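Two complexes come next, and they have one chain in common, chain A, joined by chain B in the first and chain C in the second.
And now, the complex of A and B:
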């Protein structure tokens, strides 16, 4: 026999669901309102982009010309200018990190070749100028020398570095 | 069958648990742990990227607050987390791997000092000389 004040869970279960949802929603609202004003952002994309450019120009595993004794930063070995080599020396998981597009020109601005790594990110270049873009792009042109079969020639290397923002 | 009082006690317990969780999360956000984790993680990953880019051999040491621990994983990943907290609560970042290097990670988890030692095509990450 039911005492006065006894209750069946069945009658209450609908209310329970509503109350639990209410608690969850209120918790999320509190965290998001305060979280936005508390969380400090650390943007290092520009620094990472400069490191990427430096690696291409300075590392003998990438494009830098190397003799028996030393590596010549800023001198490009044309034999190293290939997609496979760049992907091996600068390898991120797809969609992570940075994408690179390198365009090599001679001193008369004739295109000698292009290589690309992390193509999914490089494909995001058109979105870089947008106000709410998730990607940050860095474009720079470096004056370089390139070794063409033992002869040093002047040229330019254009870098497009695409970074996914957090 | 339960009394109405029992049900309301249950509601109160759930509400208190939920708001305690919220306060713990808020406390973690405001005590700078999360910021420091991300800062050290980003700083270290940029240093590792730079070390991998160096044209010559180098040996560089990085020291940080030893209340944090660092874990170097596969695919050039790095996680920093507060000691005695689970690894998944840490801050993870990725560097650009150079697969031409033989990379050696040793004794990483337990120190406030990390040393990047690059010699020819061997890149070693260790905690002491």
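And now, the complex of A and C:
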């Protein structure tokens, strides 16, 4: 190859650098465009709400009745139905991010007691149904048995769990 | 192509770069499509499994509920093992129990027999296996999703009309 040819290759190499820069810029633009359109919102609020309800019903540290040797999951110990007990049943992080309202009724629909944790969050319940609400609520009524001084009685427990959406 | 072959060299570089760029672009597009990232504001919700376990406790409580000194578990055991309890007895007692709590907004099924349901909606049901023999279990399912939906919208009274 002659001198002119060398010069030409050198010129092409310079162009390569320019092309590489161009590719880099184009790649960044493509990634940025995709990045803007990707909004991954993984909502764990429902999962957290079900965890709260399940824990209330199944853990002896929460409301589940426990005998000498075993825990009777699903059966509520009336002596455990207190705000302090329910609060201590959650970790600090859960307590901060979740509000819980429990209403315990006997089988004749008489309110036996109500327990509320994180009252600021529970107060947001009316906003839950709104389209742009920052809060997600879960409502459910569970048929339960509760231990009242050694006697097993029928009743139901209403759960309202409020979670702040991230 | 000219005599010096300069344009050929430039063309080859251009073609290679264009092909590389196209390949990179296609790879990005394919990844974008496979990962299903195309939808704006895509929301991935995690929930179900635990809702089912919540209601399993409900069925357990049902089985432990006493009716005339027998539990529902005893009654189902007797019914399936040729005892004195007949299906209609279990059906009526179950209806009395659950209609008090959930009105008509529940569906219940024991071993394929529906209570308060024409066709049992298994999609949102929670089920447990209840052993009535060493070799036999009956499936007991409940679905209270209709009640929960109304309860959420403060319309649970509609279940008791």
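As a convention for this text, the second predicted complex is superposed on the first by the 124 of 166 C-alpha atoms of A that agree within 3 Å, B and C clash if a C-alpha of one lies under 4 Å from a C-alpha of the other, contacts with A are read in each partner's own complex, and residues count from 1 in each chain.
Just so it is clear, a residue touches a chain if its C-beta (ideal position, glycine included) is under 8 Å from a C-beta of that chain, and two chains touch if they have at least 3 such contacts.
Keep in mind the model is a prediction, meaning the values are calculated, not measured.
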Partner chain in contact with A:89 - chain B first, chain C second, else both or neither: first
Which superposed partner A:140 touches (first chain B, second chain C, both, neither): second
Partner chain(s) touched by A:71 [first = chain B, second = chain C, both, neither]: first
First (chain B), second (chain C), both or neither touched by A:154: second
Touched partner set for A:162, first chain B, second chain C, both or neither: neither
Contacts of A:121 with chain B and chain C, given as first, second, both or neither: neither
First (chain B), second (chain C), both or neither touched by A:60: first
Partner chain in contact with A:19 - chain B first, chain C second, else both or neither: both
First, second, both or neither for A:102, with chain B first and chain C second: neither
Chain A residues contacted in one complex by chain B, in the other by chain C: 5, 8-9, 12, 16, 19, 23, 27, 30-31, 34, 38-40, 42, 44, 47, 51, 54, 58, 73
Footprint of chain A on chain C - complex, ascending: 4, 6, 9-10, 13, 17, 20-21, 24-25, 28, 32, 37-38, 40-47, 49-51, 53-55, 57-58, 60-62, 64-66, 97-98, 100-102, 144, 147-148, 151-153, 156
Contact footprint of chain B on chain A as seen in their complex: 2-3, 5-9, 12, 16, 19-20, 23-24, 27, 30-31, 34-35, 38-40, 42, 44, 47-48, 51-52, 54-55, 58-62, 64, 70-71, 73, 88-93, 96-98
Sites on chain A touched by chain C in the complex: 4-5, 8-9, 12, 15-16, 19, 23, 26-27, 30-31, 34, 37-44, 46-47, 50-51, 53-54, 57-58, 73-75, 107, 129, 137-145, 152, 154, 156, 158
Touching residues on chain B, where the partner in the complex is chain A: 1-5, 7, 11, 14-15, 18-19, 21-22, 25-26, 29-30, 34-35, 38-39, 42, 46, 49-50, 52-56, 75-76, 94-101, 121
